[in-house]
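Let me begin by handing over the structure; questions about it come next.
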């Protein structure tokens, strides 16, 4: 008994304390509770890891109680830990505690301090549930819970209209995905009579391919919602309305990767559904390149990183889709490092510029905030796949697998890598070089914020060496051979360096170039700059029709016309018939009862005379 | 032994039931009804339904009937009045029909259950608290949950109805 | 009839319980038909429910299956809820019409 | 045959002891309250008023029974009988101690053990309302009627938290039989802390114990919940019209109910007849020790008396106490008497708490009473039940 339940229990306790009594507490106490609870669960994860023995041979599985039982269907409150879960646990609790620590500095001057940390702890609780869950339903509980917390935290600045609308958007778009997920669960229950991972995956190979494909595609719908893939990615950029630590923790490092985790968890199902696999790969690739192009043109620093998050998630899905699950998870881990770092760095920059987010009003921060700058350099190197940084290994593994699967996927991926490098460094140059164009005097952030940055910087530089995920997961997902061709690596690295160099040329050496290019491209540029008008398209294609349709068709025609007409017609008819029948209504209850008794007697007589009556009576 | 038991308590139940019908005063009827319920509870014990027997006393005799008496005391309801135009359908048509009903049912029971086996103390113990509980929370879980909703609705309805001002 | 006596020695026939419940039910209906006080009529309904419960428990004993007890349990729950609402209705009626005579509560007609 | 004889003997014994206890409980109450309020209490009839209960009984018997005009005679006379019946009957399932072996015969110190004993007690206490409601209604008096209405409402309201508070420890014991409940509380944590429900793992039932006590105050119509008989607003509530033996019946019923709820609390929460600390550490010596101390105190006060007749009475008590102490030290007696001693000690302590509270607290206002039941006690009991169930489910 490893008492896994303690891991989510700590943050939940923190949530209860801060949420219920936080209003009364001084900030120091709130910080202590929030950080300590997450650190405690991190420590328990370490304890489980050290004492857990060989997880590959015998994963931990703990059954606490039967949650719901009805007929043969039975769902227990189970937690299970194998190596995949262990990796996720480390990422969630580790980065989670770093970001909690960072947030104590970043949120210091905000309203509703305790509310923020209560939500953050609640998020940790649900995220850990999601990761630990031993069956789809527990996973789904966490899945919904993190969605809720994301909604709460995106709309944290309740006074800002844009924030609340962004929260609604995130929630509603996620509903679509969750709908798919729940359908998938229903299918699983119908076909396998259980939701427990081990049972489902042992039974899955036997099932017909068509079923598995349907399940996998529905799961994919859920994943696209939670992990912001085409077509449901639109909520993530808007979610940047939330406080930056939230963007770093929820919308970069942990929650948005839940989809990838879920697909990897269901690898057995996907492996037996080749069509679904193809779909995953294509969607991932499309999202990667699509989001990357948008990222090229944004000016809001957080938006840039948001789109890069979307495109990096696309990479992970590409990895999953081409069957390199371990590579996908690897990229998940490294991405958690450097993207969290990017966001926290961005947060630090915004902090330095007194809440300014538009990069055109920044610049020249290097001489003010050297620490932030240095860490941001590490992160940018890592994300553009600079050799021997964290991103280099994982991205390389994915691209190699993609090449082994379909060469053209590799090429598209490489081009995307180039674009990624370009816009990330573009952001860096625009913020840190040149003249400061903002207002007020920028200042370096406090150590509570820089400390986590440094830790994350080390991780993003060396993470590839520390965590060689494919080796760890070797027993679950055998490493695909054939991706050992070094030339592929050289090409991708070359693209990355090229992107860096180009951005350097365009935004430091010769800053006139961008305007000329924008002018030259003209319409195309506006198209990309406005994110391909996807939001507008959705608005006209989905939202408006729904609203108008429901008003005109459902309300005016169906409801008022047909239903009301029918009802009224029935009413008049009934009044006509009732006019005749009402003569029976003496208004005296006892006489009604009499007629009931008479009816009962008649019924008994019928029962008596028919043979079946006797059969029924005499059992 | 079992026979004597059955006769004693069925006799009490019958007398009390007749009393319920014949007594003019609501309170007398109510207490006779309590008597019926008590003796039925004893019969439940004989039939092996311990839990149900206790629930019968706690819920019916202890709560529902107390509510009745409470209301009777509240309205200070005296012996019923004979005013108002009575309906003669009930006695004239109802009583014969009722007798026919009784005859048929008794006939069917004798006819259909003459070899249904016998009841004796300890002959069947499935109705213990454990048995009822297990069955209630596995096979009948959904109905159980639904009844909770029903009770909630009943509470709301009762409060709405019994409010002082009906605005 | 020696074998009949021997049967009776061994216990009470299930059918007797059923007959008892039938008689109780009939008494309940009779009360419903003959009495005029709303409260008494309501109590007669409870009496009918009890009669049915008895037959449920008897069946449960006959089939050695706990379901009968469960049904009785549900009947009790419903009866409790019904009593709460019904008495509230009676209170309201009395508040508005100052009568408990069921023959005078007959405006819902024609 | 033997069984029937034994049962009859046990019944007679229990009834005799119980009735005596009831009579003297009232004497104790008057004495305790008197000393709390720095008075002497009954001291005329017999030494220290020890014969006061007898005198009361004689007085009540010889008084005239008054039948109020236009009262419903049948129910008027049925009510007190019903009340006392319901109060006494639930004693029949309460176990006082372990098995007792006399010659060839072995029997439990309990009239009978039902599988659903605790439910039985609950149902009887639920039936207890009728006595009061009927009394209030049938005596054709508006104060009595108000008292009856109040008490029936109050009892129904407080039965819910009471039942919920009882349900929580039952989750831990897993049985409804009172004997089984007590057996489930035998043994000690770490060798010293008794495994009573109030110390039970995984969730000590201390909260449900408190809730149960409060609710039982209301169930027995004791201060601070004695609104049905609030002297200053309802003159005497539901028994205002009663006199002589009928009044005595209500009086007895109230005290019998007190004894019942106290013994139920002892069985459910305080481990029944199990001693407070293991016999290995000499829990068997506790009883004789107490007796010796009591005897010593009596002798001391007898030697320098505060009142003239103390010079004779107190030494006599002292000798009696010494005798009891010696009796308690006889080896064959010990295993029989110790369980009873512990059971009576705990019950007596709870009874003392009842009296103490009566001497201390003022009475609730009616709306406060209801609000307390529904807004305070009920949610608390529910929460306690929830937590207990959750922890039991987790740890079992």
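The chains carry the letters A, B, C and D, assigned in the order they are written, with residues numbered from 1 in each.
Operating definition for what follows: a contact is a pair of C-beta atoms (placed from the backbone, for glycine too) under 8 Å apart; a residue touches a chain by one contact, two chains touch by 3 or more.
Note that the structure is a prediction, hence the values are computed from the model and not measured.
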Pair exhibiting more inter-chain C-beta contacts, A-D or B-C: B-C
Identity of the chain that, by mean CA position, is farthest from chain A: D
Between chain D and chain A, distance of the C-alpha-averaged centres to the nearest whole Å: 61
Cα-centroid distance, chain B relative to chain C, in whole angstrom: 4
Computed distance of Cα centres, chain C from chain A, in Å: 58
Residues of chain D engaged with two or more neighbouring chains: none
Per-residue overlap in chain A, given as positions that touch at least 2 other chains: 586, 588, 590, 593-594, 597
Of all residues in chain C, the ones touching two or more other chains: 29, 33-34, 103, 106
Every chain pair meeting the contact rule: A-B, A-C, A-D, B-C, B-D
Residue numbers on chain A that touch chain B, as the complex places them: 69-70, 586, 588, 590-591, 593-594, 597-598, 600-601, 604-605, 607-608, 614, 617-619
Partner chain A, residues of chain C touching it in the complex: 29, 32-34, 41, 102-103, 105-110
Chain C residues touching chain B - in the complex, by the definition given at the top: 7-8, 10-20, 22-31, 33-37, 39-40, 42-44, 46-47, 50, 53-54, 57-58, 60-62, 64-70, 72-74, 76-85, 87-92, 94, 99-101, 103-104, 106
Residues of chain B touching chain D in the complex: 27, 31, 34, 50-51, 53-55, 57-58, 61-63, 66-67, 69-70, 72-74, 128-129
Parts of chain B lying in touch with chain A, wherever the complex brings them together: 87, 89-90, 93-94, 97-98, 100-101, 104-105, 108, 111-113, 138, 141-142
